[in-house]
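Each of the next two complexes has chain A plus one other chain: chain B in the first, chain C in the second.
Entry: the complex of A and B
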């Protein structure tokens, strides 16, 4: 059964219909690729699913929450969702380590008031930072990292959330080959740990390598979906990418 | 007699008062990004609470001060909970929030005047009962010593709190990116509420200390707010230590500025400093 589902989802920006009656389902414990030309509504879909944009029509079902018509950002962790951003969003003025520690903060504000890190939390932070090779950089400010390192830190922050569903918006864009390997390793590892990954990506080789399922969007609608080998060979999909 | 030591002492004292306002203003501004005018009236709320509980009800000074600080904090929290937070939820503009806080400022100030009249009042029982100290040729009263200590403790305390505690990290995260903070599970409204409490309590303390040092009146908040905000902008809006540095600079510039001219020029000097910074270094000393 799908863990995340949209029904006739529609999102408009003034004149533009960015998502147009989209109905899709994401299977639990799989890696789903979302592809489509620029402006096809992929980022908007993730923004809507992570509660960062309201939507006009349709509904969303996630984990056990049925028929959501409004998704509140503060409920996103409760739904077991975490995400990364196409345009990286870190806590720029905080250190690499604190960007992770802040995620590991106890949800109870009052007990966190005067508390400093415990050894246990530090170990958790160390694990995710080592996974992206940033442990050595832990005391640098996020703003001083290179583009690729910032991208990796954002992925590490998502890992620290220990969610069920990871929505990753172009996590490979602009990365050096070394870093691409690191990130694809992490994504495979998430699947091995029975997590669900939704991956927006333009590199079809990566889609073929990683994804169980691929969804093709074009102009805010579902163009095609299925196993990557078949879908990526479809004429209408190739045309959508190359332009008609 | 050499007047320089006294001017230095006066600069530090004024700078300390401005520090209390500027750092607490910046704390709230950092987390909410709106220009919280009501912050000024918290000084009068704290001072009048002490006037009421200490002088009129006869509670001991320390108890009255504690109550005054807590009441200021509590009113700050309530304003956020029932005015600013609903506005934030409705995605109101910064301008709408500013106007709302101007309204709250006016209402609270008027309430104080209605309850306590607009007369000047003192918090102490007599004049000249204060102990004074001489430091390197400058005379400074007991209250003024407390003002300087309070400014140091509050600034250092806030900086430690923000840097080293988990709650502080969450505050910095909210200040940096409220939306992302929400989706990683930080209860941003709760955090902002607590920030309002802490910031307003500090402003209340400033008003109380000013009250013991000079006198109180319902409108005392406006000039304190203006000086605090000038210090905050000069130092770096939203930054704690920027606020403290800006406040100290403002204290020195004001007091050294009036060596040769009438002290009525103080406010003009303060605005002159603000304008210079807005033109030549708009992001303040620490460049936020």
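Entry: the complex of A and C
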């Protein structure tokens, strides 16, 4: 059974229909690629699923939460979801370490007031920062990292959440080859640890290498879906990418 | 000597105001100019209770702090829905409202006539009647507030405040209800401002509304920005410099009277210069 499902989901921006009656399901413990030309609604889909944008029609089911019509951002971790952003959104004028620590500590105001981080939390932060080779940079401000390092820090922050479902919006975009290798290693590792990954990506070789399933969007609707080998060879998919 | 003690007491009071406002402006990134309102609430509550009752300084101060907390909670409920420019404008509105209450609720505050004859504080039988004694009281309270602010800033709570400053929407997606964090820091900060107000009323022994205008909020804001946003030692430095400013001006040769008038002009000019060349303040870590 799918762990995440949308039913006839619709999201409009004034005149633009960014997502148009989309019904898709994401299987648990798989890597699902979402592809489609720019402006096809991929990022909007993740924004809606993570509660950052309200949606007008349809519903969402995630883990055991049925039939959601409103998604509140603060409930996202409760649904087992975490995400990264296509346009990097770090806590820029804070250290690399603090960018991670903040997702590990208590959510409740009064617990947070009396909490100093423990060695245990620090170890957790160290583990995810080492996974992206940023432990040595832990005391730098996020704003001073290179573009690639900032992307990696976002991924580390998502990893620290230890969620069930990871929504990754173009995590490879603009990375050097060895960083691409790091990130694809992390994504494979997530699957080995029985996590679910949703991956927005334009590089079809990476989609073939990593994904069990691929969903193609075009103009806010589902164009095709299935195993990458077959779907990426379909004429309508190629046409959508190349422009008719 | 007496004058030095006077400056030291004023420094303590403004340092408390600066430290507490830094929690909101520097750490949380919300440009609040309501601070003078809570300073005034603390001062008026303490003054009235000291004049009209015999419950003593500690109890009067405590009631002032609680009153400030309640009012901050209500105002914060509204303000915390805003951010950016709207937050600043909203907070300005509340400061103006508070000032007109001090001015116009004449039965209670005697309006522009002010409240004279506020008794000097007496705690556990010690009467803080001289400047030498009062400076000890003020310093003890300042140190306590400094460490309280440091605990808050270094806690997990303080870290969340900074993320609200950096990207409130992003931190929400990681499971934080930012509204409660903004509200809590606002209430804590207001309570500290009320502490400063209590000290001020008991020290000066006469208060009137003219101390608690929006200009006073801006003066405290200048302390915070000059010293450095999100840096507590910066607020101490900022308070020190701005309190000493007229003395510094006199020292470099301005005649006494002009030095006093130059104060506002100089701190205005200083703010502009700061924004141009050192937006993070003298020892701050963060740019507005």
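Remarks
Everything that follows uses one rule, which is that the second predicted complex is superposed on the first by the 243 of 244 C-alpha atoms of A that agree within 3 Å, B and C clash if a C-alpha of one lies under 4 Å from a C-alpha of the other, contacts with A are read in each partner's own complex, and residues count from 1 in each chain.
The rule is short, and it goes like this: a residue touches a chain if its C-beta (ideal position, glycine included) is under 8 Å from a C-beta of that chain, and two chains touch if they have at least 3 such contacts.
Because the structure is a prediction, the values reported are computed rather than measured.
With both complexes brought onto chain A, simultaneous placement of chain B and chain C is prevented by a clash. Look at A:221: by the touch rule set out above, it reaches neither chain B nor chain C.
After overlaying the two complexes on the shared chain, residue contacts for A:94 are found with chain B and with chain C alike. With both structures placed on the common chain, the touch criterion links A:122 to neither chain B nor chain C.
For the contact definition in use here, the residues of chain A common to its chain B contact set and its chain C contact set are 50-52, 73-74, 76-77, 82-83, 89, 91-94, 98, 101-103, 105-107, 109, 112-117, 157, 161.
Against chain C, in their complex, chain A makes its touches with residues 50-52, 73-78, 82-83, 85, 89-94, 98, 101-103, 105-107, 109, 111-117, 157, 161.
Those residues of chain B whose C-beta lies close enough to touch chain A in the complex are 164-167, 169-170, 172-173, 176-177, 179-180, 182-188, 190-191, 194.
Here chain A touches chain B in the complex through residues 50-52, 73-74, 76-77, 81-83, 89, 91-94, 98, 101-103, 105-107, 109, 112-117, 157, 161, going by the rule given at the top. Against chain A, the residues of chain C that register as touching in their complex are 152, 154-157, 159-160, 162-163, 165-167, 169-177, 180-181, 184, 285-287.
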